[in-house]
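Labels run A, B and C following the written order; every chain starts at residue 1.
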């Protein structure tokens, strides 16, 4: 479904991604692991049109999307869910969700998606009329994911959903992602915690220093000594 | 830019200036233009130091110029202070005003500093024209008409003795230019580069943004006040019309042409623009229109002015490493 | 009972009050426009005052330059408002947007718009001459209540300005574009993520503020003359109002506008018009020292 070939990204003078090639099949959950600051977020952002100066080929459903304006990429069905959440602080939960459905594609399905999202995240229903800035860390994270779903995207780029969450909430968010996947969405996930990932991932990539250093399915990942060292050691 | 290079550019520019009277010394009109070049070079440089170098977005330079000019003029006319002394006093007065304006400004970011200083500029005009001004001796709408020229040991530096006056102006202008050059290249200079790049980090190193910025306000206002006063004594006449946006924008063009933050670009910018502005005089009322359009075009097309253009050529040619 | 003199004084004060409210309402219009642009795009438009005059001049050209007076002010608004929108949109796209990519872009935008201000001011002077023009009032005549005399013009200006602001406020909170504008103001990154076309919103916001200030220009040009050189003063006034109310706060801008409109009217009445600028300046300085974020600013 999504294919990235030889992606090179520069932030000013610094070469952040080196010849990165990644692919994600429809319906998969693909997890990208790796140390912080090594380019994982940049990859997700490049796919979703949030990075200038990305050189390389990115195709979605066979269509070349590198260089297209962000709003068009969202309309095609890809959405980025930021680790910083990037919510609209002085608007209510409901308004945030509605804004998530800004693109034409999303607007056509706004009602159904809203119902679905409230079903997935019951806590948001109670908090509908509250300002986004008053939400706790976990709730804000849920809102960010929910808002992403409102875009009616088939392909979700989720950036560290469990960051800063207590273990119980982490479990919750991962199981929600599992549910989302079971309902037909493809997910490319960036994360740091290996144990939970085991339940979730179909395939795994590892990025170190802007390069892909490992690619394989779940079992290959779990039996890899090198990976276990890096991540379980943290 | 290294001190050596800066000094060379300043030396060459002023050197050429110094030789020009040999060619056109008897053409009064041209000599006047050259003197204006030298005067505006100082104002433009001070403004460049504030904006391009210290990163303080102040729009008060012209106001300080006028303050210095009026102060010295009034002292000389109403209180019969000899011009050399009144110029110095005016400089100190303007420096004081600079500090006064700087104190509230410096707690604020970008647009607010511009707002306050522009507000000073706008408030100055009605003040000079109105009752307060008249009470102080500003001459209201008429302005000051009889400012005495600088008089050293009985020798009067006025347009009657244009060539010696030119050389005096050259000296004053050069002195100011050198002061600015040394400030930029001194520890202050390093501090400002650090502050511009990352204020928080620099402050964590103990560099007090507030202290340095206030000192810059004081120094540039001092120099601007002095040269403003000098202008008054040379020109003999002052009016509140100097506060029109016309002059303001021409100064801005000088800095943009020279290259904001690329001292001594503003000196060259001033020379070029004053000359160009005189050439454009036949355009009459359309001159200001052209100036405005020039600012817009320059900001868009030549972000680093003439200096930037040359610096780029120099760095393209030099081997990297 | 009150003496003759006191009653006359009260009537005079009421006159000043009305004048203050009337200008205050136009200031409100301008402040809302300015705070909108700054809050959303973070760009500062030094030529704002010249756009105010542009509205007046466009109206004048239509009515007297071309001589098309059919339909009165309705035609004027139908023609001039979209024109102002186009001017603002084009300006943002051609001049501000390219600067956004550069370091220090906010400063560069200020310098560019300052150049633009000079260009427009001198252009007006050249084209229209130094003598001031004025527009005919929409409604002539006065309303008499007892011994109080209100001019219909003042009332109309007040009503139309407030009306304009209310329309704007409604649009901001109830239309999709309005929500998008708020979104961009609150979190430009978030806006980009959800697929809001940020650049188009910037341009539209700029254009809307141009329309608002032009509208204000048309309104006030009926009462006062259009002075080609007043662009700078008008801009500073709008700025003072906005800063006093708090950059980015629409409600703050509204309160500030009326407070300043009234302040200006009263200082002008008591001491003379030239002191009102000084009074404004003192107010500004006081604000910046005591409470820099203005009445209701969000502490930018």
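Methods note: a residue touches a chain if its C-beta (ideal position, glycine included) is under 8 Å from a C-beta of that chain, and two chains touch if they have at least 3 such contacts.
In this text, all values refer to a predicted model and were calculated from it rather than measured experimentally.
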>> I want to compare two interfaces, B-C and A-C. Which one has more contacting C-beta pairs?
In response: B-C
> From chain C, which chain is the farthest off, judged by mean CA positions?
Replying inline: A
> Based on Cα centres, what is the most central chain?
Replying inline: C
> CA centre of chain A versus CA centre of chain B: separation in Å?
Replying inline: 54
>> From the mean C-alpha coordinate of chain B to that of chain C, what's the distance rounded to whole Å?
In response: 33
>> I'd like the Å distance between the centres of chain A and chain C, where a centre is the mean of that chain's Cα atoms.
In response: 44
> In the complex formed with chain C, which residues of chain A make contact?
Replying inline: 48, 50, 69-71, 73-75, 79-82, 84, 86-91, 95, 98-100, 102-103, 106, 147, 151
> Considering the complex alone, what residue numbers of chain C touch chain A?
Replying inline: 176, 179-180, 182-183, 186-187, 189-197
> In their shared complex, at which residues does chain B touch chain C?
Replying inline: 51, 57, 104-105, 107-112, 114-116, 118-120, 122-123, 126-127, 129-130, 244-246, 248-249, 252-253, 256, 285-286, 288-289, 291-296, 298-300, 303
>> Could you list, by residue number, the parts of chain C that touch chain B in their complex?
In response: 38, 44, 95, 98-99, 102, 106-108, 110-112, 114-123, 125-126, 229, 232-233, 236, 239-240, 243, 247, 272, 274-275, 277-278, 281, 284-285, 288-289, 292, 300
